[in-house]
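Got a structure for you, questions after.
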Amino acid sequence: MEVTIDKELEARIRDSFARQSMMGSIGAELVSLDVGKVSIAAPVSKGFRQQQGFAHGGLIFTIGDSAAGYAALSVLPAGVEVMTVELKINLLAPAAGRLVAEGRVLKPGKRLVVVAADVWAEDGKGARKQVAALQGTMIPVNP
Amino acid sequence: MEVTIDKELEARIRDSFARQSMMGSIGAELVSLDVGKVSIAAPVSKGFRQQQGFAHGGLIFTIGDSAAGYAALSVLPAGVEVMTVELKINLLAPAAGRLVAEGRVLKPGKRLVVVAADVWAEDGKGARKQVAALQGTMIPVNP
Amino acid sequence: MEVTIDKELEARIRDSFARQSMMGSIGAELVSLDVGKVSIAAPVSKGFRQQQGFAHGGLIFTIGDSAAGYAALSVLPAGVEVMTVELKINLLAPAAGRLVAEGRVLKPGKRLVVVAADVWAEDGKGARKQVAALQGTMIPVNP
Amino acid sequence: MEVTIDKELEARIRDSFARQSMMGSIGAELVSLDVGKVSIAAPVSKGFRQQQGFAHGGLIFTIGDSAAGYAALSVLPAGVEVMTVELKINLLAPAAGRLVAEGRVLKPGKRLVVVAADVWAEDGKGARKQVAALQGTMIPVNP
């Protein structure tokens, strides 16, 4: 795992991630942690599919949301948490295999952090395609 | 459960819902089926929460997405399925208890169906508050 | 014009509207002012069209944005102004004639106000159809 | 002006742009034309401002929408036009001076084209900052 942020920030993100029970339920893991940029991966497990057997949009949204949220957290001061104000997803292609969401900060701010996330599907043979693009707004909150 | 649509359409929606494994995993159930209007409910189970113990945004999105998608399906001819083109969610309040998503069609169409969904949280004592508003676009596809 | 808000709030909205030069340029006028609900109308003038002669999406967005913004202002304390954080528009049909945007508050708040707006096109013979649905977020700012 | 597309496509885009009367009213001009990437610029003229004297969100949306739309048109076959299905804008900072919108295609397709646009404000001294990010969906239509 690639980590370019300091230990304290890494610990905060890992701690928050561990408390997000939904991350555990979908089998998600942190993949990389940079300032303003966080990646999360999760398999398209049998239990999280739509009617045609591809990843449910809700699963794709979930890891995009968390990746974008932690990207926002990485540019905020210690002691705050982050909540999603709003988030918009465009689904680009049916997704199977393994999902990787790359969240990034478009605009940091004290009151709000504007974020984006791209979600990719990897087929296990090294091929990957983008399956979703998200854009939204995160807000710092006191826990 | 309140159903005002014909048996054939009801069967198609129930069949599709049963094939969406994510609906089963989150414990979701169909609550009402009308032409252009479908409701789905799900508990905020322990496994689908964010870091503060409230419903993960991904869970709220998931039932809003499916409710809106079946609302779209209910105004389309037999033989097609529906996929989400894009969907935007505004989260209005932290959610606990039981979620109810009410999907509805804003504008039917052959090529695209514009949809919305409101998601409510019920606390078990009869009180409910709106926790999210979604707006988006569904597309009919041949299975 | 229908006004159900107090004189002081009405004066603040009228003053802000008059300072929005874009409202004048597109020929917009305030149509109704209620707490949490503001309507604005504007003609689809020759200078604000797309390539097929219908209203440009930017014109429809503009009056939807302002109607939603003043709806937000109407639930905020005196002394603040409102800025658009983000806004999403679904265009439902080509628009000609006269546009009427009905902005409303979905969720008031001190830090953010979640809003929506419906935009209608009227053909001059009494017929009207919805041409757009908007959903977004406004933020109070000190001028 | 930078143009990397063929003459026929350039002519189609220029013709459509000329027919969008809103482009003329706001003083917009095409800045660059590439396959899947189109830039449009416009001044923040006196007539298109919000209550604080900055560019109205509707102006920023307008050039973002057109830039994204022509980016979509540039990847579609001859003989079609493009309409906006939906578009979401996050406003990142107040905008003055000159606006430049860079539209791009995220995902081409026969039925739909997913697009994005970044809008920048230039202050006349060479400094520029991003003032908006847009993400949305375009649809090909027969004229």
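Note that the chains take the letters A, B, C and D in the order they are written out, and that residue 1 is the start of every chain.
To be clear about the criterion, a residue touches a chain if its C-beta (ideal position, glycine included) is under 8 Å from a C-beta of that chain, and two chains touch if they have at least 3 such contacts.
Since this is a predicted model, take the numbers as computed values, not measurements.
Engineer: Listed by label, which chains are in contact with chain A and with chain D?
Structural biologist: Expected: B, C.
Engineer: If you tally the C-beta contacts for C-D and for A-C, which one comes out higher?
Structural biologist: So, comparing the two chain pairs, more contacts are at C-D.
Engineer: From the centre of chain D, which other chain's Cα mean sits the farthest off?
Structural biologist: Farthest from chain D by mean C-alpha position: B.
Engineer: When the centre of a chain is set as the mean of its C-alpha atoms, what distance in Å lies between chain B and chain C?
Structural biologist: Centre-to-centre distance between chain B and chain C: 29 Å.
Engineer: Report, in whole Å, the distance between the mean C-alpha point of chain C and the mean C-alpha point of chain D.
Structural biologist: The separation of the two C-alpha centroids amounts to 22 Å.
Engineer: Provide the C-alpha centroid distance between chain A and chain C, rounded to the nearest whole angstrom.
Structural biologist: Centre-to-centre distance between chain A and chain C: 34 Å.
Engineer: Touching two or more other chains, which residues of chain D qualify?
Structural biologist: Each of 85-86, 88, 90, 114, 136-137 in chain D touches at least two other chains.
Engineer: If you look only at chain C, which of its residues touch chain A in the complex?
Structural biologist: By the definition above, chain C touches chain A via 85-86, 88, 111-112, 114, 136-137, 139.
Engineer: Over in the complex, which chain D residues touch chain C? Could you list them?
Structural biologist: 16-17, 19-22, 24-25, 46-52, 56-59, 61-63, 65-66, 81, 83-91, 94, 143
Engineer: Okay, in this complex, where on chain A does chain D touch?
Structural biologist: Residues of chain A touching chain D: 88, 90, 92-93, 106-107, 114, 116, 130, 133, 135-137.
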